[in-house]
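Each chain carries a letter (A, B and C) given by its place in the written order, and its residues are counted from 1.
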């Protein structure tokens, strides 16, 4: 390999890594947009078919696309009248070029079904990502909920 | 074109896209910094002259730099004594190399004028961006406010 | 230098800048993860030995790794039973290829020691970064706290 070819290969790999960073960030954002805007297609698209979504107590663990279907349609969307997840502090580590893990934090505000008083949740997501055939998706997300409480008297309503 | 030239062009386009992603992210951040830190120059610099800022009820729609001027100086800054916008979940889609759309979410806390009790706002921004002569700016921002309410009894004050 | 070499140098510098942007973002995220998850090794790793952490009133200024040690172990961790910092709006400006400044905003929720009612904090971080021997770290962080208050009656507790 010529010096020129070696340099190009090096840059090409760096660019690939940068693109992967944005792709992983998009997955984490689509989790929020898909969940909160009730866009199931977007939400499902971030998970590998053999994924694990380990939400922990009081919700439990969900396996594969079938588990996602159950969690969303039978447990979580029925539990929330509206929700607003804001994720940040995304910290990615690449184990290989096609394998990465990350953690990020989330503040969620919203209304539980049947309530009009704000509930606030803070959690950390621990993620494993894999790239298969050029596409990055989540293979595992473990949720650690730090708190899940109402704000007494804080009614939420749209000005519209 | 030689193989070498084609590869360089390819990488060059990828790098351009990555740089664009950061440029768009900066616009979204400067909206918050400009608004909250009352830095009008920074705030205005993110908008194209022929922009549309559609905030919706109860604020309305504002056209062009003249509309921005009115919205900021006659409506919004007079309405807020202090505000703190935190945007996240930025999800960009490129339609062309010089045209993109995005959505992101925001939590805003602050004090309305004449009040000392915290107001909380959550909204989604739907953006259109254009690059003209090498510079990215916002051509349209549509705001969807999910809630806009006080937290009863939560006084905000600086420790300084 | 041939045209080919010049183009490669140009792209190589652009890629370096993009990598630096992610490296700086990681520092800002590790501040939150290190502080909140009480991972002192992670927290310390973001600061240069000759750093300045200027938190302002009521906490003061802290110099170097010794100052970080004091601030964390004698002042801040004892003051907070638990904390959750979410940073966003990171706006970086490069002064040189190895020197950058930035500002970002943070929402922090948590429990002060001995309390079970939520405290909310909002602040802006003004940062100076330097790259030495290929490694980016923080040389100075100035904190401007906008508010620091309890939410009356909002108890925080984990569902676990």
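To be clear about the criterion, contacts are C-beta pairs under 8 Å (C-beta built on N, C-alpha and C of every residue); 3 or more make two chains touch, one makes a residue touch a chain.
Since this is a predicted model, take the numbers as computed values, not measurements.
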Check: So that we know how the chains sit together, what is the shape of their touch graph: line, ring, star, complete or other?
Finding: complete
Item checked: Self-contact between copies chain B and chain C, residue sets same or different by half -> different
Item checked: Interchain centroid distance [CA atoms averaged], chain B/chain C, Å -> 23
Next item on the list: For chain B, jot down the residues that touch at least 2 other chains.
Entry: 4, 8, 11, 15, 18, 86, 88, 107, 151-153
Checklist line | Contacting residues of chain A [partner chain C, same complex] | finding: 4, 7-8, 11, 14-15, 18, 21, 56-58, 86, 88-91, 103, 105, 107, 120, 122, 124, 145-153
Next item on the list: Name, in rising order, each residue of chain A that touches chain B in their complex.
Entry: 4, 8, 11-12, 15, 18-19, 22, 26, 29-30, 32-33, 36-37, 82, 84-88, 107, 109, 118, 151-160
